[in-house]
Amino acid sequence: MASFDVMPDIQLYQPVELDDALSLAERYGDGGWVLGGGQDTYGWLKDRAKNPQAMIDLSGIDSLRGIRTTDDGIEIGATTTLREIIRDERINRDFSLLAQAAGRVASPQIRNVGTLGGNLSQDTRCWYYRRGLACYRAGGNLCYADGPESMNREHAVLGASRCVAVSPSDTATAMVALEAMMVVASASGVRSIAAEDFFVGPATHITQMTALEPGEILTAVRIPSKWAGQRFYFEKVADRDVWDFALVSIAVAMRLEGDSIAESRFVCGGVACTPHRLKNVESAARGNSLSEASADAIAPLASAGAIPLNYNHFKLPLMENLVRRAMRG
Amino acid sequence: MNDYKLVGKDFTPPDVMGKVTGKAKYAEDFRVDGMVFARMYTSPMAHGKVTHIDASAAEAMDGVIGILTADDVPAVEAPNGAILTNSPAFIGDPILAVAAVDEKTAEDALAAIKITIEPLPFVTDPLDSLIAGGPDAREEGNVYARSREGSGFRTVKWTKEQIDDFRAGKEPTGEFAAEWKYGDLDKGFADAKVIIEENFVTTGYAHMSMEPRTAMAYWQNGTCYVHGSAQSHTFWMPGLARLLGIETKDLVLISENTGGGFGSKIGAYPIAALPGYFSKKIGRPVQLRVTGEQEYYMGSARVGFQGWIRMGFAENGKATATDVFIIEDIGANATGGDASSAGGAISLVYDPDAMRFRGLPVLTNTTPRGAQRGPGQNQIAAVMAPIMDKAARELGLDPLAVRKINAANNATTVYEEQRGVTSAYLEEALTMGAEMFDWENRRQQPKKNGSKVRGLGIGQGYHSAGATGFDGLIRITPDGKLHIHTGVGNLGTYSFASTSRAAAEVLKCDWENCEIHNGHSEKNLPWNSYQAGSVSTFAHTRTNYVAAMDALRKMKLIAADTMGGEPDDYDIDGQRVFLTENAAQGMSYGAIAARAIQLGGEYSGQTYPDDINEITQRSVQNLAGSGLVGVAKDNLPQEGTIPGLACAFVEIELDLETGKYEILDYVGIAECGTVLFPAGLAQQMKGGAVWGMGMAALERHVYDPQYGLPANVGYHQCGIPTYLDVPSVTRTGAVDIADPQNPFGARGIGEPAMGCSVAALTSAISDALDGHIFGRTPVSPDMIVNHVTGRDQSFLPLQTNNF
Amino acid sequence: MEFATYRNDVWGREVIRGVSWDLLWLVVVAALVAIALHAVYEAMRKRGERPSSSGERVKRHDSIDRAYHWIMAISMFALLVTGVLPIIGIEFAWLELHWIAGIALTVVVVFHIIRSVFFKSGSEMWISGKDLKEPIDNVKPGKYSVAQKGLHLVVTVLTLLVIASGIVMFLQIDTPWWQRTNALSEAMLGVVFFVHGITTLALIGVISLHIYFALRPEKLFYTRSMIKGWISRDELAANHDPQRWTPDESS
Amino acid sequence: MNPQLSRRRFIKAVIASSVAAASSTGFHSALAQDRPRGAVERLISLNINGQTRRVDVAPQEMLAHTLRYKLSLTGTKISCNRGECGTCTVLIDGITNYSCSTLTHSVRSRAVQTVEGLQAADGTLHPVQQAFIDELSPQCGFCTPGQVMSAVALLNENPTPTREEARQAMSGNLCRCGAYDHYLNGVMRASGQSS
């Protein structure tokens, strides 16, 4: 195995119109690699771990960029950079949860070019998979991360099925919490998918992280005004405080009536192959106030159903602790 | 205080300008006509034998110039690392290289090469190899002991019971390879009021210098020109020449700047010779840019420890006895030797009345190990700090008091031989640090605040910090300029410049009037020490001192010869030599230099002392007749260990719910004799602090034991500390008491600067967790969360190279 | 066309990954063609009156055997659906359904083996020399025609193979009873995947033929007998040699 | 239609036209070898440090590669070549980018600034460079050009950042020597605030 780090020959397209991009995506299908900022692209290609025929660079398509107000909330173009999101006044006012999450992504330089669409559709960080091994996720017939001696501290405690990789995206948790809709276009039309269904697990799609099929392009994300200006909580626990992926993260949106929780969405990152909704926490939280007492009462529900691997049972108490912190006044 | 003009004063080293403008050239910034680019194929297998290489497809490609295999380079005897090998012993062991017109073509060629490797048993954790029936990392054995008496392979196995007892914290009873002791151990423990017994792990981790070990080479009428990434300069020459199979006179090494070394580039490493062989084979200049991943593989790593220690303390906290047993993970190339150094560090820093060290170096199929900033001393510093705290707690003493009563001082004796030290003032350092840190007051502050708890820690670091016997070479030219030739490498400590100022100090030269020649063998450099082991400051203030004294002697002789009187009637200042009684009567340095050229002989380097190294001799020969030459070998008296010492005080705020902690304050105090270059010292103390923070919290090897795969081959996975993982401000100070055995009283500091930091942090973490001792570095958030919530850790006791 | 697909193992060596699923289309097409040809041939062939199903009945299949046949058929069908649909792009959480059905199939097959070996004259399904002569000097068969015996033999072999490889694969995943071990060498794992895949393809072919024959008008009475258990005297006389098979009257 | 768009339309067209040449030989084929060197569709103009440079750029080429291997601007360093270290940081339209992870073709008609472009014509150093010298910020210096560029971008946008703001803004640049403290001192000094 050679260690590569130079981009191999690969065709590049830089369309400036979405329809051009869509026809290219359709034409190349599996062989086409759609990219925005490219920050989760070049490593794969340099390693020659993935070998698409062509890169379809969306960053030149103006219609995919920018934050627009819709009749029900906002629409964020897929190639809007994280930098733009972090600095957007409206998002900071109404959906600070997203701004916070985006602010914890990777490093400043990566946020400067990394796009929302890219961050949402990025591939898992399982180090075995990233090494280019032909595991289930890479179309193989085994999982290296789930052996009796596998080093899987960062891997899944929930929703694993053969593959035990986790979703690395910080903004994905926020999107699920905010009940965002993903707008997906293809040559044959446009469909929109609830964020919760956009992220898919190995039980159904072992080689994909999202519901995007070859030929499809995520064009925008719509965030309904439902949660605008509500109470949010975001926290990401990682080894390093910048430039790292979550061991466990949590994104919470709550609507309070008086001082009791009328409705809430608790979503954990880094624990499953998709952003993981803590539905039992949500239902238990309903009617509770934010207090030490309710925090202690509800936190233990967070890790229900979790099945730890060799090195990651710490994620259970960590999930509970993050819920506890979100439930505090 | 001294009245030096340059020593102890800040200045702008000549290479800083190039660094901030991007003009500073590192190995891979050089381009020469006809240069081609090489890429390496490294072993995908932790241990195996290459049985077949099919490079036909690659060779047929356009733009591919050539292929270099193990058959083209000298074979090396196991366990030593080879330039290229057919018997890879770790993932990433270089097997072949391809040269092409550009890097992409070279990689296309690599992708087309088919290599068949027959797998052999491998192991990634020393204890897995040590246990009966466990695999050996090498066919020759699983232990390789290096010693003066002779080095060799052995196969050492412990019974399962012995391994289990060791894991359980009991004294190891298995076979060991090295032992030394002093004093009466039994009496020592008998005298002890409390005895602390702990086992410990310090996981090895990669150096990951910012500049991968790129090298470029070409041949010109028999001389090999190598642009390398060298931590030391002239010290590299003999090793690199040996690797290339040539004499040092036929080697030109260019290494003006080096993007970090930290011990991984001390001497010439095998891969630095690859372009030389490749260039010879294909007749074109070859540049090998090592990828980041390959830098992880062959950039070497810190030796890991799995050990056990028993330590006795008297009622007043004095260490009465220490018994330590260390298994060291020496990787596949049997490099390291950290364990005995760790024992030596204990004997110096805590100076127990009696001590025994036992060690066993075990081979694993992991990346080659090498000296890494405080090799041995810093691992044990991390282990010792919480033990000192525990002793203090059990004796009801202030942890600071326990450290002070054991602190190294001028009476301290070291190692088996119990030799003395040149000087040591660790207690003064502790006092100074405690004041700056406001230790007393901070201890009174409340500890807990919600889920957050504060922890205070004290750490001590040590490394022997000096070497002797190297050469100094300076020159004064008729234009009156002082030329200081130095073979000190430039790895970013600025020691090549700060030690050069010693010569200017002796000759009372304005710094503006001095020129440093370094980084290129054709600049006629003297034989100098390695830039490691914190030795440069001590060693090269001495070499430049003796060279300057030689020049001074010659100048006075010339003055007396020209102006009459005795040499001793003359004095110097303002770059003039003049009569002490009548300053008006004298000669400028320029005039003296011109005269020296006329006189010839030793004055201008036609003759020179015969005890200087051949490299220095050649340089003097080249310089002969160009001015007044001062050249000498450092034969100044030196006895005893030369300690570089440091201590650190840290306050952390640890969040019990996330396992993360923030470093609220850090104070590091250097005890390195006279401060030579204050800004440079601050840099070393702060950089060392960051390294300690990385070792304490983040950095470790992770290997999948089933497949032998490394998990962390990049900066992100290696957990290199970032701006946000270390405090925004780190405070430093220095004791600044002159050492009697250096003409300027200076000693080195680079390594202790890190040891005190990692120790202070393990101490602070233990303090925050009510004295819990993890006995392991790094301590990661998952470990803390598991401990706080009363869960088992995921790893076996003493397991290493794991998360 | 490739029969197998390949991948690199953990150390970059090429190992077999499994069967090439392109073969699936080949198998489907081949089966349809065979069916079509046979249908045309049968259509052109002259044949006399079809025996009446009315009148006296004789027993052909015990209820327990019928139950066995249909349970096996259902689990086999479930296995094919859960195993093949995801491969042709219809994605759903198939894995647990698949191994649960696999367990069902394994249980009934084991039951059937035990029953036919120890409690029935296993011989009734053995293919003897006589059987082989049936087509040539067209003698009427005993209880089962050589074709039926042949089909049974093929299905038996394929089923045993698919079960055996399936069990090995089952051991390679996490289940409520054990955790995966990755103990099997990657090369061997690929072979197991290949066997499972290729036998699956063969079963698809054979079963589609079986279903086709079961639905042929002149053979429909066999299907009825597999549901209701009986055939009529007429049918018996028309299709079987009473010398070689004398079913017990009572039904 | 605005001129920029039409120009990009044109460039897209020519890039697309190169597919014919490439696709026939499969995606591992070497475009560079398939077509005559300097083939027109690869010869593009880059605005580097205020100068227009014509350069032959492969479709998949990374900016760091173009700078170092084609334009001899070796001040921009390559270390991890993965966007994990920051030594290759350059400014594109004033914003910090990892040039090892930026397609050269995506910076056509955008202003690229590298460490070589900071010094004034008369050789005067950029305040950040001067401050880094005065504070002895670099150690080995390999990460320094990247640190300089991040600091320059910060001060362009926020001339008087707090130390914490500086720390956040610089956090995409690793320094293995651990000179962070001195770099921050340098940023504060360059911003005219005592460090």
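Per-chain residue numbering starts at 1, and chain names A, B, C and D are given in the order in which the chains are listed.
Keep this in mind: contacts are C-beta pairs under 8 Å (C-beta built on N, C-alpha and C of every residue); 3 or more make two chains touch, one makes a residue touch a chain.
This structure is a prediction, so every number in the text was calculated from the model and none was measured.
Of all chains, the one whose mean C-alpha position sits at the greatest distance from that of subunit D is C. Chain pairs B-D and B-C differ in how many C-beta pairs are in contact, and the one with more is B-D. Taking the mean of the C-alpha atoms as each chain's centre, subunit B and subunit D sit 32 Å apart. Per-chain CA centroids place subunit B at a distance of 71 Å from subunit C. Between the Cα centres of subunit A and subunit B there is a gap of 42 Å. Averaged Cα coordinates give subunit A a centre that lies 28 Å from the centre of subunit D. In subunit C, the residues that touch at least two other chains are 10-12, 182.
Contacts with at least two other chains are made by residues 28, 30, 32, 58, 81-82, 84, 168, 171 of subunit D.
Looking at subunit B, residues 44, 104, 108, 111, 291-292, 706-707, 709, 716, 721-724 sit in touch with two or more other chains.
Every pair of chains meeting the contact definition is listed here: A-B, A-C, A-D, B-C, B-D. Residues of subunit D touching subunit A in their complex: 5, 8-9, 11-12, 15-16, 18-19, 22-23, 27-32, 58-62, 65, 81-84, 86, 89, 95-98, 100-103, 105-106, 150, 168-169, 171-172.
Partner subunit C is touched in their complex by these residues of subunit A: 1, 133-134, 139-144, 146-148, 150, 160-162, 203-205. Subunit A meets subunit D in the complex at residues 5-16, 20, 31, 38-39, 42-43, 45-46, 51-55, 57, 59-60, 83, 106-110, 112-113, 242-243. Interface of subunit C with subunit B (complex): residues 10-12, 182. Interface residues of subunit C, counted against subunit A in their complex, comprise 7-12, 17-18, 91-93, 95, 172-174, 179-182, 186, 189-190, 193.
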